[in-house]
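First subunit A sits with subunit B, and in the next complex the same chain sits with subunit C.
Moving on to the complex of A and B:
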């Protein structure tokens, strides 16, 4: 088994990353965390997380950007808000998870072939293109990009859903798609501006 | 001796009472059986048991029985006499009986709480009760002596505790002598820049109180002085105080400090103790601008005149009040006081003892007290965070629990370090803009507005890393660590070891007893715990009292504590002293020894044995004389007297022998 260095040097920390999180809407209270861990205990998905939410918050405010953005934790978060409800410091943990997800997609560091970030990205792209989400297309796309074999095993179920009218067959789109794209582009530009501020 | 004892033939009527103490006693001892057993013993006229003897109805029962059943002696089997002896003595008095016609049996601490075998415990309770019943018949009527209390008070230590206690007492109209070892009062608090959690300036809140001490007509302030000797007893202490020579007449000096400018040493070059060695001073100096009294002093170790006698004495020459006196000698003063408040404070842990943190090896490593002076506007750098090498730190690491929570040094939590570390983190960040890391084991913020202060610091972006730093080193492993101090710590919350390079390390040293705490406690005849802090009489219910009546403790000499708690305790100690003084007298236990003059052979063996120096020798009569006021009733003299001519109240031979007989007179087969 190859040995790897586990100790962290301070130059592996990105202090600006921590500042960025606290500067974002929802991230303001990040530094007030007292590391009590109730978020992790309340989280129904911490069972599968590589870093518990408590630890993720600790790493984020210390500036361990690489660890935070490449963690599974942010993608496993189901936005149930249990942590946010319980947090004694009223830290908006779920909002922070969203912040981190967006940042991870932006920087392209999310875990490859992990369906959730792919789903999030493809969902957004489909809305941008059609103004509507077509399940058949989305699911096909998702499986092809993440897990071929799963796609084959799910084909039967998919066909049944289409036959019974539970999933649409053809892609639909809204009128004036151009206007929606304009709106979405404007939001993106504003968000970018906000970040560079 | 009991063969010809008159009492035996006509036993007094004894009342026996046994307490259940809820289930404390009744859970282990068959109370009813002991009650029945006692009823059959000689002399016992009344035998009762009750749920809580110490309660009002319990006491009423005793008083009523004494009156109605014409009881002449009283025995109560209950808890420790430390707790309720006085209660039942009062009950006896209420019934019209002399309170010393009473004996208490401790069947709770001595029996119920320490045994599990119920049958055997019941038998033991019977034995002890029988012994008390046998002894009480011989008890005699005694009176408590009253001794007047001197209304003056001595306060030892001029830190915030001593200052507050002295002012409280003086405001109540008592004459107070405040003795301080250093040249100025103010103590550790005078070193601080700000105080947590309010961040108000330490000097701004302390110096008005220091001036008030100086100006108060009821306070005699003796700085640069130490208590040499304490004699006497509660209400009447005779104290010798040594006033060390300042080589400046305190009443003449006005603190203009022209002598300091005039000193033959043009530049200050000697270790400045007040500034923790970060600044320099001249042989003639004053600790800080608000020193109280504002009087200069001359250090005999560094002054040329005092060392060699060959100096042109330019300091004395510029003094237009002729305050210098190089011939000054130590002066011994003697005062009489009724009560003493000890507020001798603490010593900061010597950071050199924790070698791994490099204090003394790396110039970038500081103790918290040094940083207090660094961030202080009146300190050696006027409040600028400048390192010993002249650089300004970009990153600062604060190590909590140095000399605390460590079996290798001090096991206790020093209680104030978390909070003062937070305060220093805030001040360092504010003064220098540096990144500040706090390395803590547990964050302890248990005071009013303390947790909120911690929260404020979290919000300020100070980094908190949970883990005890293992090492501070200058051995670099990455380019970023070159030329810096690297702190190695497990970030236990992140789950990995980190190496954090900083430019300045602050060691939050813990609080220890003063180096001479043992000598001091012996001088004042009080106790201390294993760690060396002065021992309070009771950790919860008598926190400022000591086991020596009339001596009270306040502040960090008793245990590490912060300023609010210290001031509260100083107020409490002052109130206890006032309660003693304002009563005007103390009642002494009558369990003292006395000499039967006719029988004393004058061998003097008792005199050297008495631990309280209560026995003197009457050279005319050639007899030993016991001062009843000084006698604490330890019984050493009575036991040692070869002619048996010393007797002790409540421990007469009759009483002791019948108690022994009583305890042995069981018919059980072992």
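Moving on to the complex of A and C:
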């Protein structure tokens, strides 16, 4: 078995990544963290995470870019804001999770076939196309893309939704879809201009 | 009193009993509620993970439309309530973001509005309409009914200003005004797992199980919630919880259904039968 060094030297970390995080909306207070761990204690999902929120914050500010972006932690965050409310240094941990998720999607390093990033992506696509989300279609689409077998295990819930009249069959959409497209295109155009400057 | 109403996708889909009961209660209280013209999805928690500026602009379109009228917006869904408020706060605090969003909306002929207030129905019922008025409308007090007030996470965290973040009480007060009793329990604002029930089921189911079993243990006959996703998770996954852990049968109602029942509105009007976990036993004799 090949041995692998588990500890990183300082010069192997990506300092620019840490700077980038603090430059983003919500990431400003990253360096104020005192590593007290109340975020990990408050988080109802930390027991499933590969790095608890406290560790993830420490890795991010030390520039462990690869570990942070490919972690399950950022995708397991359910945005319940428990950590943010408890944090004595008012670090916006939930928003840090969001900006790390965006970076992971942008760089294509999220865990493959892991359904959460796929859900985020498909959700975005549906909203862009229709302006509204049909939960049933979204979930069906998600399972077909990630896990066929799980789709079958959900049939009981699907039947219950039909029985109680809670299933929607057609994609809901707004009337003025053109307006929404104009807004989104305006953002893309401006972002492109910013890049070429 | 006049309000604009932002339903969001859930209240038109799996959470339609919430819309039905919300509208019925407000109608019965004589409060005018008008659906926001051509509203779009708020972006929920998912879109923020894809594109920051676009998610602000997406929610911003709704605020621009709402700004044309001079009344508060009621957003009953916790995610919509949080996202719309988060958008306003983000735009207020970050001039660069404000520039990007205003320009994008302008390109589509819309003016972003700062003056909109996005409110939760819990806030409106307790602080605008008032418990006294609601109590006057109670015709069938739910005497003897024991309920667990479950707020979920996003209605009080991190932006809500109308209630306490650790021990919220607005819904407890409304339940008590309906004549029912609130059980004391520690999971009022514990997260239900959100979309994890569908994506990472083992983690999601555990969170649902914790809430269901604790409510039952405390003697609650039903869980009451102000959030469509919480209702969906707690109500819809009881069969799967039974195979993963143990069977916990407990109906999950919207707080507007509870108030509506006390006000003498019919269970049909309030969408009581839309619950997957049956409320038959709870309703027996009422």
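Keep in mind that, in the parts below, the second predicted complex is superposed on the first by the 169 of 197 C-alpha atoms of A that agree within 3 Å, B and C clash if a C-alpha of one lies under 4 Å from a C-alpha of the other, contacts with A are read in each partner's own complex, and residues count from 1 in each chain.
We take it that contacts are C-beta pairs under 8 Å (C-beta built on N, C-alpha and C of every residue); 3 or more make two chains touch, one makes a residue touch a chain.
Predicted model, so just to flag it, every value in this text is computed and none were measured.
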First (subunit B), second (subunit C), both or neither touched by A:44: second
Partner, of subunit C and subunit B, that touches more residues belonging to subunit A: C
Which superposed partner A:166 touches (first subunit B, second subunit C, both, neither): second
Touched partner set for A:34, first subunit B, second subunit C, both or neither: first
First, second, both or neither for A:4, with subunit B first and subunit C second: neither
Partner chain in contact with A:58 - subunit B first, subunit C second, else both or neither: first
Partner chain(s) touched by A:79 [first = subunit B, second = subunit C, both, neither]: second
Doubly contacted subunit A residues - partners subunit C and subunit B: none
Touching residues (chain side subunit A, partner subunit B) in the complex: 6-11, 15, 22, 31-35, 54-55, 58-59, 61-62, 64, 89
In the complex with subunit C, residue positions of subunit A that touch it: 25, 44-45, 48, 76, 78-82, 84-85, 94, 98-99, 101-102, 105, 115-117, 119-121, 123-124, 127, 131-136, 139, 142, 150, 154, 156-157, 160-161, 163-168, 172, 174-176, 179-180, 182-187, 190-191
Subunit C residues within the subunit A interface of the complex: 9-10, 12-17, 38-41, 43-54, 57-58, 61, 90, 94, 97, 100, 103-105, 107-110, 153-154, 157-158, 165-166, 189-191, 193-196, 198-201, 203, 207, 236-237, 239-240, 273-276
Residues of subunit B that touch subunit A when the two form their complex: 435, 443, 454-455, 458-461, 463, 465-466, 477-481, 491, 493-501
